[in-house]
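Both of the next two complexes hold subunit A, though its partner changes from subunit B to subunit C.
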Partner chain A sequence: MGKFRVVHYINQFFGQIGGEEKADIPPQDKEGPIGPGMAFKMALGDEAEIVGTVICGDSYYNEKKDVAKNEVLERIKKYNPDLVIAGPAFNAGRYGMACGSVCKAVIEELSIPAVTAMYPENPGVEVFKKNAYILETAASAAGMRSAVPNMAKFALKLLKGEKIGTPKEEGYIPRGIRKNIFVEETGAKRAVNMLVKKLNGEPFETEYPMPVFDRVEPAPAVEDISKATIALVTSGGIVPKGNPDHIEASSASKFGRYDLENIEYLTPEDFETAHGGYDPTYANEDPNRVLPVDALRDLEKQKAIGKLHRYYYATVGNGTAVADAKKYAENIAKELIADGVQAVILTST
Partner chain B sequence: MKLELASFYVKDIQFCEKTEFRDGILKVNKQELIELLLCDNRLKDVELDIARPGEETRIIPVKDVIEPRIKASGNSVFPGFLEKPLTVGEGRTHVMKGMAIVTCGRIVGFQEGIIDMTGPGADYTPFSKLLNLVIVANPAEGVSSYEHEETIRIAGLKAADYIAKSVQDLLPDDIKTYETKPIFESISKYPNLPKVAYVYPLQSQGLLHDTYVYGLDAKKIVPTFIYPTEIMDGAIVSGNCVSACDKNTTYVHQNNPVIEELYERHGKDINFLGVIITNENVTLADKQRSSDYAVKLAEYMTLDGAIVTEEGFGNPDADLIMLCRKLEEKGIKTVLITDEYAGRDGASQSLADADPRADAVVTAGNANELIVLPPMKKIIGLVDAAGIIAGGSQKSLKKDGSIEIELQAITGATSEIGFTKMSAATY
Partner chain C sequence: MVKELERAGLPTAHVCTIVPISQTVGANRIVPAVAIPHPLGDPTLSREQEKEKRLNIVEKALKAVQTQIDEQTIFE
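The block that comes next holds the complex of A and B.
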């Protein structure tokens, strides 16, 4: 039996092309291992070999998204691999996003296993941990020495179709996937044991850690709304026609800020929705249905409110991770406060 | 209140001329039992069958599972159904261990289950380890689904009573005594042990999701105290068609493992004061009233700790979390038992509600996980039900007789009163 064929995906830096100034290079590939691939070659030993390395600039991958992903996939396919190793990306955010995305695409589109590794706080973890195994590494490349043998060992397990154990046993970041297991004691016995420990102040381990629901207390009412500057913010995806910031139809990676100066109401000629999660017909027919500029202008004229803030903010709330949504909201709130806005009308769909 | 459970271990069930129990063998006069059940003219037909552990037998769709019990005095258990609704839970009760009455027949709702006596499915249901006397009963024409449910429920209780009469005057194999003292006595007996009660929500969403307390529909109760031994004497009867995996059958009410384990630690690590029953009604106002009331009783008992269980999922998750939050706010340390609906891939959020105070949770597993049940030589009931019951789909039943289905459809697989040994972990 021949060796398993492995393709290694790395960024411009580990591909020895250059630093940030080369982050926009498009994908390229070379036969055999490069950079950290040399360490993988050692760690994989006789059982598998790195037949090719695909390199892509981090900015290029993250900005070109699907285009970059498809280009990378094409280059990976060329080598007819049994598995893909991406990274490790440590705490490099864009590199982590690229590694996660490449693994997801390889698993889904090429139907072969893939593995990557990064620091638990790398944004790529939150986005891709359910799609691919992500092994845990240190924050910086100083952790390369331990990351490589772990990844190689795990890759060989995947290649041989061996059973993958728990996150603790294997060193991957928990994917949030619940699997049934049979244990020694009945649920009732486990519950009573847990209660006795809890009563005695001894440590105990819950079997289902609660997901954190971020419940936000409503702010107190605005004292004098007739003097207040009010902003419109929406997760309903209303953007200027053509979606200049390319906000994604699902799992938005950004939000946009758009000018409403001299706009009395939104017209279908100038505005549309970028949202992919609902029937857009009625929003596109009359974008005020999602972002009520018309109603706010009326209230302005009636002096029921002070004024409508000059800019509105929009993103797409469709499959968007809670962590991302929270980040956008924090940034938007900062800008609004700096601009002297007192209240926000938040519309969703 | 003190109850002696006198056990008779059943080693086999056979159909014979005369119903009797001798040397561990239960002999059943089939015709006599069928005629007894057909006294209810809402039933059109009744058949009996036997399913033994290890046999290649599948029972589908299963409605309820009941353990035959009878008072040594000759009275029936199940007050409010077979007896006047007078207090039970004292004296001696004869119990036939190792067997159960299983009710089956044309489907009532959508949420009835499967018991496989062998193969992978058997590992998930606790009832595959019992000798099952199966009653396959179908309703007469024009009987509404509510009457249908009631008819089969009562037929099961009657059959259990009829079978248990066979051991009424016999000497048991062993006797175990359970006792709960009045609250003040119990507290003065173990002044230094933490005071613990079991908060026991009963499924009461209505529309075939009901439970009965002394014959009373649990939707209409406010939470109340009950001695654990009353429950052993059939004070709580299941009358619901919630998803089979986390439905608390009458059998598990009679043999509630939380009560058993709390008695086990009573006087050693804890002072088990008793049980507070509450319900799982659908409206928010009902949930608020019941959870407030149950927690008020917990405070009234000056509890230090509580175990809260569940029946069903989704809507009852809100009751579970509400009870937990309010108990913890009163300083009562709480442990929950639930199950999960994390999707077939296990990647979704498991419960419909969450609270950081629910920091001690036992899970009975993910009910959405798929299983393939291989074909069985013998089917008791109606295999077509696999396409309709919760956890199944039109594609569930394969040509070869195998069934691809969620664990949800297996009776008792993810028991939220902790009857099984399944759990789930994050991968």
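The block that comes next holds the complex of A and C.
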């Protein structure tokens, strides 16, 4: 029997085409492995080979949605694969979204298995965990060395049709699928055992973890916008030139509050982006493209809004921990409410 | 962040390009944007046209915060 055929999906960075300035490239493909594909080639050994690599820019994939998905799928199909490996994407949000979407499409439309891997806080996890096996990785590419063998091992299991164990056994992120299994002890006995452990303060493992739905009740609408103070907040990293608070280009540890008094619009001389997760060319050329101060000033003059709040808030949403972002926003909300702000426009890149 | 602002009682419009992320995170008022590196701009347009496009998105955001909603809503 010949080797199993595997196609590898990667982004422009791992595809060795370029960084953020190349994030808008359309899909392309090359025969054989590239970049991390070399490590996969080693890890897959004699049983499977990477016959082709499909590369797509992260921004292109996320902005063009179905178009990009179909283009990628066509290129994958060409190689007639038995399985697709996507990523690993670590904590790169757009890359994670692309890997998840590619796996979903491969499974649903080509009817072959697919596997990807990323950091649990990658937005691709929440969106696609039900659709595909997503193995857990570290937050950065430093975790490549352990991610590749895990993914390769898992891919071989899928290729050979071997039984896939529980998320904990296999290292994938729980997909919310329940399976009936036979166990020695009855439910009543297991429940009492768990309860005893709980009462004794010992660790125990629930058989039915409750899903966490963190939804927020929509805040009441603004009644009279012509009298309301509107604040601007951004995760797109727009800061005064020179980044006075040294907000980090990724994994930001803080947010900044900046004065807009007497500023009619943002100029490239006075403002720039500190964000390290997108091509900064357009934002640096005209920061209003991320933080629309000019438009709000116009609306203020037309009395379409009461006024634009004197201060805007900014952080960098790039691999930022969810718990940190939550904390920043709680503090921002307190200040905004204390300052009499009635509504917020939050822009994200 | 959008969610924490809404939780605190501030109606908040999330202007963003990757709408599925915003939906999954749980933003309530979502306004789709132009592109990831320029959510409220378009370098292929003339300055005037670009400004108009930006005003249009901001107006949608203002409409979003003025609309009483019971569930997650996308303001196209």
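Going forward, the second predicted complex is superposed on the first by the 212 of 349 C-alpha atoms of A that agree within 3 Å, B and C clash if a C-alpha of one lies under 4 Å from a C-alpha of the other, contacts with A are read in each partner's own complex, and residues count from 1 in each chain.
Throughout what follows, a residue touches a chain if its C-beta (ideal position, glycine included) is under 8 Å from a C-beta of that chain, and two chains touch if they have at least 3 such contacts.
Nothing here was measured: the structure is a model prediction, and the numbers come from that model.
A.B. asks: So, does A:Y312 touch the first partner subunit B, the second partner subunit C, both, or neither?
C.D. replies: In the superposition, A:Y312 contacts neither subunit B nor subunit C.
A.B. asks: Can A:F14 be said to touch subunit B (first), subunit C (second), both, or neither?
C.D. replies: neither
A.B. asks: Going by the contact rule stated at the top, is it subunit B or subunit C that touches a larger number of residues on subunit A?
C.D. replies: Of subunit B and subunit C, the partner in contact with more residues of subunit A is C.
A.B. asks: If we overlay the two complexes on their shared chain A, which of subunit B and subunit C does A:N180 touch? Say first, second, both or neither.
C.D. replies: Touch partner of A:N180: subunit B, not subunit C.
A.B. asks: Quick one: is A:F40 in contact with subunit B, with subunit C, with both, or with neither? Answer first, second, both or neither.
C.D. replies: neither
A.B. asks: Once the structures are superposed on A, label A:F90 by its partner contacts, choosing first (subunit B), second (subunit C), both or neither.
C.D. replies: Neither partner.
A.B. asks: Counting only touches as set out at the top, which of subunit B and subunit C does A:D298 meet: first, second, both, neither?
C.D. replies: The answer is second: A:D298 touches subunit C but not subunit B.
A.B. asks: Could you say whether A:F271 touches subunit B, subunit C, both of them, or neither, answering first, second, both or neither?
C.D. replies: neither
A.B. asks: Which parts of subunit A are touched by subunit B and by subunit C alike?
C.D. replies: In subunit A, nothing is touched by subunit B and also by subunit C.
A.B. asks: List the residues on subunit C that touch subunit A in their complex, please.
C.D. replies: 1-18, 20-22, 24-26, 28-29, 33, 35-41, 43, 50-51, 54-55, 57-59, 61-62, 65-71
A.B. asks: Give the list of subunit B residues in touch with subunit A in this complex.
C.D. replies: That would be residues 123, 194, 196, 256-258, 260-262, 264-265, 269-270, 304-307, 333, 335-338, 340, 342, 345-347, 349-351, 354-356, 358-366, 369, 407, 415-427 of subunit B.
A.B. asks: How about subunit A: which of its residues touch subunit B in the complex?
C.D. replies: Touch residues, subunit A against subunit B: 130, 164, 166-167, 174-192, 194-196, 198-199, 204, 206-213.
A.B. asks: Provide the residue numbers of subunit A that touch subunit C in the complex, in ascending order.
C.D. replies: 20, 23, 59, 62-63, 93-94, 97, 123, 126-127, 214-223, 225, 230, 233, 235-236, 278-283, 285-286, 288-290, 292, 294-296, 298-299, 304-305, 315, 317, 325-326, 328-330, 332-334, 336-337, 341-349
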